[in-house]
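Both complexes shown next keep chain A, but they swap its partner, so chain B is in the first and chain C is in the second.
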Partner chain A sequence: MKNGFRQSMAWLHTWTGLLVGWLLLLIFMAGTASYYREEISRWMRPELPRSTVDADVAAERAITFLQHKAPQAESWNVSLPDPRNPAMRMFWRNPESMVKPPAEGEKRRRRGGGRFGDATVDPNSGQEVAARETRGGDFFYRLHFDLHYIPVLWARYLVGFCAMFMLVAIITGVITHKKIFKDFFTFRKDKGLRSWLDFHNVSAVMALPYHAMITYTGIVTLMFMYLPWGVSVAYPKDEDAFFSEAFARLADIDTPSEGRAVALPIQQLLDSARAEWKGADVGGFTLYHPGAANAVIDIQQRDGKRLSVDTPSLRYNAVTGALLEASPAAGGATQTRGVMYGLHLARFADWGLRALFFLSGLVGCLMVASGVVLWAVKERPKHAKSGKIGFGLRLVDALNIGAVAGLPIAFAAYFWGNRLLPLQMAERSTAEADVFFYAWGAALLAAFIWPKRMMWAWQLYLGAALFALIPVVNALTTHAHLGVTLRSGDWVLAGFDLTMLAFGAMLAYCGLRMQRWQPALSAAGKKRQAAAKAQQHAGAEVGA
Partner chain B sequence: MNSTPNASWHTRFTAVFARPWLGVLSRSMAAILGGYALAATCAMFFAVALPIARGQAVLTGMLVAIALCACAALWAFATRTALRAWVGILMPTALFWLGTAVMRAGA
Partner chain C sequence: MMLLAITVSFSAFTALSLAMDRHQADLHGKAAATPTRRRAWRWLGWALLALSFGLCVVDHGWAAGPVLWLGALTISGILIAFGLYPFRPRWIAPLAWALPALGLAVTLFAR
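What follows is the complex of A and B.
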């Protein structure tokens, strides 16, 4: 399009990157935070006890809980506690006869009145967790692809669109580089445009395999929604058949329950599954027709030890303990997709690898942020020449400040909300999410009103203060603060507080740089300055 | 002025595409709409044409289509004229479409 392939690709890189950059930054930040989804959830529910009980005991207590809570249910599903998540998630499916129609004037059914019920149970007590109402890290996980306030379907199309732009930006970014290896080692400090360019290059090239992987696999996670055409052509009559065929799942159970019988102890069933898997651990189970003579249990292997998200499961007769069915081996394409999905979620990662994923995600945020800033830095001299900042640059400046400096404020505000909102408040988790968007909205508004360099510094300082004070707010409002967690060696909670301090320090440093920054003089500017000096000098001589 | 109506139609047609902003708009449409059409038909063709299990063919088609969609965007902005961008994307799309129709008729 331009004079040559590389120029065309550079142009495409600039515009695909800029157009979706701000939304992409939100997606990247939320996704990066989601690596520590369980840890964030733990920090946001400081009431939860730390110790986890044995999986068998937890399963036993889950069954007892469900027998009281949902004796009529058609099926129970339980996720057992694991080292990262001390609570048990469970949900159950109510029979059609129990479903209440939505009340007058209500669009959705009220919780508990619908087809599904759910609970979070503390395995220590066997009771529902008595913790503050919060979405914890799940908020960031959902924000990453469902955004907020807009219909989920629209959000996912929008996120997919951005991801495709990102993929194009990554490929064109690589093409644009003549010396991708050399660029990796190039950083020209305090050189204005050059420094921003080098920083953008280093952040992009350093984690390039990660960026390419995370973007492509991100689209893969939602590809059934984006590209349903293959399924509808190959399975014109029954699209569900595709999913059961391609995903090697156990057959659906649609027989009604019959008779009454006492199921085997859950421990015995879980042990048979462990023996069948040669020691691999159990992640959870689904019990169909609890209490009936034809009760059946599906036991799922724990994910987290394998790359793929598709975990094998076994089906037993829950009354006799006979093995009925094992999930068949998956095909090559299914495994490929499973591994890609798994790579995106990184549930398999232990603490070291998880930290590496998190850091790569942060580098990705920096890449996107420096990219949008770079556009403004490059554009500014053109406007400076005419002596007037044009609409486009002003818009980009405001969005840059509101996103790059404003989003950290929103993230910190979300954590503040978790600690400061009244514990018994109605719709508390919704209010927490609102705090995030109020804070971001305020930052954006301020940026649009006055998109100047000092606004950068102020917002970065505000973000720094909010992050750095999180451990303080935590200490004032809970008993799970650094004084306790460091002493007891609770590295998840202590690590969270320390990470917040580190973010605060980093943002403060950025703010300081922004405040002290002097625009680099162009060649013409230097000449002008020299001429002015010379004139002054001459004037002084004449005066003498 | 060209006297033959055919040629004048042709000049006018290319003149439209010569305008820079229209060229960018046209290429963007080729990249976004054309690219998606290419990906969709590619996924369909692979789903019915690959000689492997049906479910696996569907999945393979989707995984390939995502990469192809990105390549279409690159192509749309790499060609010398916007017209070529469209032709280069719509031709394989049409072929995939035809191939799918043939395979389905044969099945």
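What follows is the complex of A and C.
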């Protein structure tokens, strides 16, 4: 620890930032991609329908489909199509008696021991869509707090640790930044260390509200895991009771079904929910005991109008249409948490606000990346003086190349995998995730073997090429490419391809800067260069 | 109206940057950076910031409006600091007039 308040804060900022920087970059990049989770999922399943129908028609077709597919089920859950996702997702819960016991030696891999079935249905036809097996954008969403290959619990503690360090780095960074207002717009280019410092400062200050919000609310999303003791003291026997009380949810229905009756048309039930909400949209519904006399339907409001992530729902008797229960109003603390959670997920954001969130997330990635690079740039002259690159700097250099230049390669490789892996392959979605980590592992390995400036340039160029060629690979392997999507005005799919081109261009520019960059000459170096030039000149004159 | 709010925040940040002698000097040379002029730019900048906040709230309501405003400030600030001042300083003043005009036109036509 150094003397003086500001120095010790600077010390804390440097080391908290550096320690978690590389993992934080992965979390930031995957989290930023998650703003377009639905859009990525759509692009990664080009077989899905590209147009949709009215919610009432879709709901009716969903019911018809489920009556054939899962007539015995205890409950049906349907997510209605919306502009971001034109297909319908549904799952159902089978009765215990229908579940086959797992074969000898087979792991009970599926949640609920195989009691759930699921399907993706085209609302235009009411038929199941045979789309390729992929986790789509959900992979990035999970990756950014569950990581991969390691147990979820460890991963979440690790991510929480990074987030708390990030919070410390933000606060100490603001304290350390002496000229936060004077240098508000200041970026001095081509000045070595000065430029990196300016870049780090501006990218941090311009998006400071975003950085602070996303880090703090990120910790809030997992707060019951990081601070479980309050709940376990107040509800020593049944923690689930806390969650259904605190989050004002409707309780699950576990009474058995009785008798047979014909439910009201779904359209009528949805209409009464809309009337109750004064016109708010329906997002989906869960029907308990379909076909029974005591059938009950829970109708969920579509999120998107409110900041909070907790969306209201209504429970009706599906046969008589009587309103049974409404999700109770949440208390102040729950509402606060709901808003923070909602701010983190940004489900309320329309296309413009979503784009701003995405760009702010990218600025966050740049801030983290420039921070770890800044450490190496600052450290280098000390090593250059002694004539030998020390272990610490070499390690940081390798990790910097492998994370800052290597992660874009991994992201692009994941999309390549989605288009090029055989469609009928077993465990296809797992293989896609493996492609991501093979690519990243290779980039890291190369960076460790040769952590030099040209490695920066090569990896940035490789990332640029992979991103820029994604629209080409897409055109060669699917019928949902730019030639089709631009003409039909499908801006989600066209936007994805165009964004990939833009990322390719940006990475190529970074690669070019890295390749062309000349180290600033010391005074002695300048003199030597001038002398060499003069000599060359003299030699040329003699030759003439 | 979202586009108008974002473009007004761009002009607001331009005005606020011109209230600082370093950036005033970047664009107009040292002589132009008199205290009176700088004070005028500062007033204009804060007034435009308030205007863009108002537009955001009118467009997105009291809950999402402030979120939109902060996002607009981020993107405008990044564009000014990383794009225009170091690479195309001559474009700043014309853009600060043209972008809100464009935003206004889009808002009026989109009605």
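The criterion applied here is as follows: the second predicted complex is superposed on the first by the 515 of 544 C-alpha atoms of A that agree within 3 Å, B and C clash if a C-alpha of one lies under 4 Å from a C-alpha of the other, contacts with A are read in each partner's own complex, and residues count from 1 in each chain.
Assume a contact is a pair of C-beta atoms (placed from the backbone, for glycine too) under 8 Å apart; a residue touches a chain by one contact, two chains touch by 3 or more.
Since this is a predicted model, take the numbers as computed values, not measurements.
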Joint occupancy of chain A by chain B and chain C, clash or fit: fit
Partner chain(s) touched by A:280 [first = chain B, second = chain C, both, neither]: neither
Which of chain B and chain C A:465 touches, first, second, both or neither: neither
Touching partner for A:506 - first (chain B), second (chain C), both, neither: neither
Touching partner for A:357 - first (chain B), second (chain C), both, neither: second
Comparison of chain B and chain C by chain A residues contacted: B
Contacts of A:155 with chain B and chain C, given as first, second, both or neither: neither
Touched partner set for A:498, first chain B, second chain C, both or neither: neither
Which superposed partner A:206 touches (first chain B, second chain C, both, neither): second
C-alpha centroid angle, chain C to chain B via chain A, nearest 10°: 90
Which of chain B and chain C A:185 touches, first, second, both or neither: second
Superposed arrangement (fit on chain A Cα atoms) - minimum chain B/chain C Cα distance in Å: 20
Complex contacts: residues of chain C adjacent to chain A: 2-3, 13, 16-17, 20, 22-23, 60, 63-64, 67-68, 70-75, 77-78, 80-82, 85-87
Complex interface listing, chain A residues touching chain B: 1, 5, 8-9, 11-12, 16, 164, 167-168, 171-172, 175, 216, 219-220, 223-224, 227, 229-231, 233-235, 242, 245-247, 331-334, 336-337, 340
In the complex with chain A, residue positions of chain B that touch it: 23-24, 27, 31, 39-41, 43-44, 46-48, 52-63, 65-67, 69-70, 73-74, 77-80, 100, 104
List of chain A residues in touch with chain C within their complex: 182, 184-189, 199, 202-203, 205-207, 209-210, 306-307, 343, 348-349, 352-353, 356-357, 359-360, 363
